[in-house]
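Per-chain numbering from 1; labels A, B, C and D assigned in written order.
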Amino acid sequence: MRFFSDNAAACHPAVLEALAEANAMDTAYDGDTWSARLDGVFSELFETKVRALWVTTGTAANCLALAALCPPYGAILCHRDAHIEVDEAGAPGFFTHGAKLMLLDGAGAKVTPAAVEAACDRIRADVHQVQPHALSITNASEYGQVYRAAEVGALGEVAKRRGLGFHMDGARFANAIAFTGERPAEVTWRAGVDALSFGFVKNGGMSAEALIFFKPELAEETLVRRKRAGHLLSKGRFLAAQLLALIDQDRWLVNGRTANAAARVLAEAAGARLALPVETNELFVQMTADEAARLRAAGYDFYDWAPGEVRLVTSWDQDMGAVGKLAEAIAAL
Amino acid sequence: MRFFSDNAAACHPAVLEALAEANAMDTAYDGDTWSARLDGVFSELFETKVRALWVTTGTAANCLALAALCPPYGAILCHRDAHIEVDEAGAPGFFTHGAKLMLLDGAGAKVTPAAVEAACDRIRADVHQVQPHALSITNASEYGQVYRAAEVGALGEVAKRRGLGFHMDGARFANAIAFTGERPAEVTWRAGVDALSFGFVKNGGMSAEALIFFKPELAEETLVRRKRAGHLLSKGRFLAAQLLALIDQDRWLVNGRTANAAARVLAEAAGARLALPVETNELFVQMTADEAARLRAAGYDFYDWAPGEVRLVTSWDQDMGAVGKLAEAIAAL
Amino acid sequence: MRFFSDNAAACHPAVLEALAEANAMDTAYDGDTWSARLDGVFSELFETKVRALWVTTGTAANCLALAALCPPYGAILCHRDAHIEVDEAGAPGFFTHGAKLMLLDGAGAKVTPAAVEAACDRIRADVHQVQPHALSITNASEYGQVYRAAEVGALGEVAKRRGLGFHMDGARFANAIAFTGERPAEVTWRAGVDALSFGFVKNGGMSAEALIFFKPELAEETLVRRKRAGHLLSKGRFLAAQLLALIDQDRWLVNGRTANAAARVLAEAAGARLALPVETNELFVQMTADEAARLRAAGYDFYDWAPGEVRLVTSWDQDMGAVGKLAEAIAAL
Amino acid sequence: MRFFSDNAAACHPAVLEALAEANAMDTAYDGDTWSARLDGVFSELFETKVRALWVTTGTAANCLALAALCPPYGAILCHRDAHIEVDEAGAPGFFTHGAKLMLLDGAGAKVTPAAVEAACDRIRADVHQVQPHALSITNASEYGQVYRAAEVGALGEVAKRRGLGFHMDGARFANAIAFTGERPAEVTWRAGVDALSFGFVKNGGMSAEALIFFKPELAEETLVRRKRAGHLLSKGRFLAAQLLALIDQDRWLVNGRTANAAARVLAEAAGARLALPVETNELFVQMTADEAARLRAAGYDFYDWAPGEVRLVTSWDQDMGAVGKLAEAIAAL
């Protein structure tokens, strides 16, 4: 029973069905009828006119967005634990042609307006120091913490005042929305976000993520950059079909809720062992190496996060019976 | 009835079945059991130890290979009509950090040893001129022409003597092998090729291409570059499964033969109208705009290649009845 | 007696005097009083408000200009024999982050409006092909040929219509102006040029070139790029002082005239041997290897340009006695 | 009286004399007789065979060295206050094509072996995290602190064990050597340093720095990169001549000693106000804004470093009378 990563989960059956349906000859690249529906479907979801591009990875979505928001000689403000800093092999430097990540501290891997202001204040406005051009936050954060719309809005206000583009890495956007119940529009463009990496792979998809531009003009250049980065698949309809299947019937949100619910079951069992409140589908649980070994011996797979702390991640397709048993096992430690 | 591009074809049913089979939780990225089989399966096919990496596009395969073979300050020799020069949005410049494509002429979009030698001879060996570091050829070429093993070997000999890495863009490698009947080993590593972009998407795949390194040491750095370019999918097993399905029962080769056979039917009908001999699945047929319009009015879709010339491409899933009718229509022009 | 390259010439005495005068403590980088005068001095020379930045090489001037005019995913149109293509070690690819040079043909290494139009017409306006974003010409050209203001204007008109930035490599701008007698304004901004690499090193300078922006807004970003490329010298006043010394009393133009005059003396002697009319300070003279050997044996140093053709370059500091003797020697061949 | 920066100092008279001597026609670029002497002269100074390349800025020297030591997808460990991180406008990202600076803490802007080890230990050895490939230290540090040979050696040992290239930014190498009296060889290659940016501009030069490779094979590629970055000046002899003039009669070291001596005079006056021990030519002096204002009113120019702290920098050409008066003024505060 795996609680290792939502990256490893299965695809939703509707995704496989959509792939089968899309398996007829159509125009190549993104000229097909499936891809043509994306702008409309996402515009409806976000209650404003957006441009929606498929890509195959969150890293590609994040870094194409950053390249649109930051010149090669600029800097992007992000949390020290941000995925773009820690887990993308320097992809931001590759896609932006050398822009710099300027690292911020903050509890729960969340960025605060004060941290952004302080970082900007530290930079002299001259040609010797790299100037910040963009802000990137992760929602839910790398620690499963969720920004409320008001928090995003406060950051958006700083970003605007400081002249920073504003990107949201939403690899677990579904889990975040499932937690707060806020509308997607409220936590994104209404709060000042310019571009969103909207994650679907962790949430029932197979190989498709959506890159959403709330400033449609940013999309034009990105279409070129996507091709130039080898990310324009020739049978793009199979990516578009995945996204459409998960948007249909709000499957993305249902899946997010399911994963969160599984995490809550475990969270109640973990109680005081929790290093952080559980808001989405990630749990950081304090336990000794011996306790961890006992759980593993009982067949549970998870990640050693830090000495005396493990990370458990629940997925949309988690078997709730197994979750219940793990909860009992944790409670019994 | 579409004769526009093999990019637009369907996926082979075995590919969809493989995706369904792979749809169980497994280790993320390329740590899964499907990806683990690739090196072995391709080593068997090529009769030598190779490293095989999945990627989602031919552009990514080509440019990751070029980045492994050419430093940022070097040049890559290729044909003036090569896909990397004409149709990849400058991706070679992106992946290599600015290396230059040095363009060669040659009939049928094929490169000759003499052209390579002449290009190298034109360059002064000093720091003012960009020095060639790699050679890239496309097999089958952008005009559907096939390099025989001896031709590749002659280029490989020049490449070795001139200190050039040697890459083959095999977007239509299956069609090339189907035409000559030569062994994959003969036209690649035995002929001096260091890296092969082995195309599957045009040939029954959905979204997986194979990047084959015959010098396994080149693969190590490329694993990092693949991640850095956003090309390490988190559910990589779905790419590996596609490749395995198409290698199984030689489906890739069967598909290549089928597409070629369809092209031959059309070629016989086209006769003296052919601008080039038809060796694979691409036909360049001379016809007036009026003739082309009549074919289109009859429901055939294809590409205007040049004034007085159209391109027809057949696919592995082409309906042979439709092919026969198109042949008749061409003959009747 | 060297007729090898104007790169190898001495500095004008006024340049050395200016260096000595500048040798007092002043503000670092470009905050000094000498640098502060550049915008004004060049604005006067060009009869419009310009921004003038010092750099140490023509390659830096050219490539900073190109980076300001072309995005990483774009193309720059230039002549096949342009210095940026042939002799800058791929620097345009480095400074622009991978933009492509799209090569044009044209007599005397000059670009024609028709060649620009044809090149643009060849490109499909889609994301698969690299789109032209800039045009770069060299005046005087690599073959010493000069664009008249009307010729530049015709190119400027095409550039504007096609949405191309327009750069002039003026490594030998002084020689060009000396030849036509046209005003600097006429052959640059009034003809549509956006940025000029104004060469001083070949023309009496030691280590300073001027990068002139006729659209001042382009300079802002370039100030950052100059620093980022390691081209912001800490004692910048010594570069500014060189430029000021050569602008003073029109020394740049006097030097250009002197070099041209020396070339004309040789040109008259060479007569029918000339492969091209001599407009500035470069001569391409047809002679046999034996004849070239005889001149070398007599103490003259020059470049073998092609089989049966040598290149002679005269400099601002050429000894006119030696020039006269070489003319006699050529005439006597 | 300026105590603002050694960047603003004058050139040594011997440098101007050398420029005048070099002002005869010679071979262009680095093919001249002056440049040809550099390898020999620096090999003698460092008591081993080195390659010595002139460049015009410390930023160019640093970043060319880093590009030789770190691939585009790697990381360079350096102090959080390192010049390459704080004051080079992101040039390391430009020259390395996107490599990352991984920041270390340490008193006096000095790096410790423990900090290097800890940083390396934090990185998982997988393709998701950027792997360290090089270490860069500044000697004397940005706070004027000097590494003793044994300290460098301890870092060199860690670098070797961890597989890191080792670069020293010696913008104030002269001041460092002047302080310890250790041999240049001891604090560089014998301690494991692969490449040294040997600063001359702050130390009596006009526009020439030396990039020294102790592994000569690293220089070959760097010659190409130097040209590609626009840093190969066509009249390179004027840079070589500066370096030769300052190496001659140990002027570089004499100048370093003079600047250090001036700083010591001020340090004694500052006494308990010093935030750090004064080892070279930089002083960090605690004083109130009011005190600073009084000194400025008396004609002294310096840098506000932090609230309650100013930075004074002495130069090789500092007037010792003025230094004495400033010392009195500080003592009298």
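A few remarks follow.
In this text, a residue touches a chain if its C-beta (ideal position, glycine included) is under 8 Å from a C-beta of that chain, and two chains touch if they have at least 3 such contacts.
Please read all numbers here as calculations on a predicted model, not as lab measurements.
Chain centres here are means of the Cα atoms, and by that rule the chain farthest away from subunit C is A. Least-squares overlay of CA atoms from subunit B onto subunit C yields a rotation of 180° to the nearest 5.
With centres taken as mean Cα positions, subunit D sits 42 Å from subunit A. Spacing of subunit A relative to subunit C, judged by their CA centroids, is 50 angstrom. One finds 34 Å separating the Cα centroids of subunit A and subunit B. Contact with two or more other chains is made by residues 72-73, 88-90, 94, 97-98, 127-128, 224, 227-228, 232 of subunit C.
Across the complex, subunit D is touched by residues 2, 4-5, 7-11, 16, 19-20, 23-29, 55-61, 63-64, 88-91, 94-95, 201-202, 206-207, 224, 227-235, 238-239, 315, 317 of subunit C. Looking at the complex, you find that subunit B touches subunit C at residues 72-73, 75, 86-90, 93-94, 96-101, 127-130. The touching residues of subunit A, when paired with subunit C in their complex, are 71-73, 97-98, 127-128, 131, 221, 223-228, 232.
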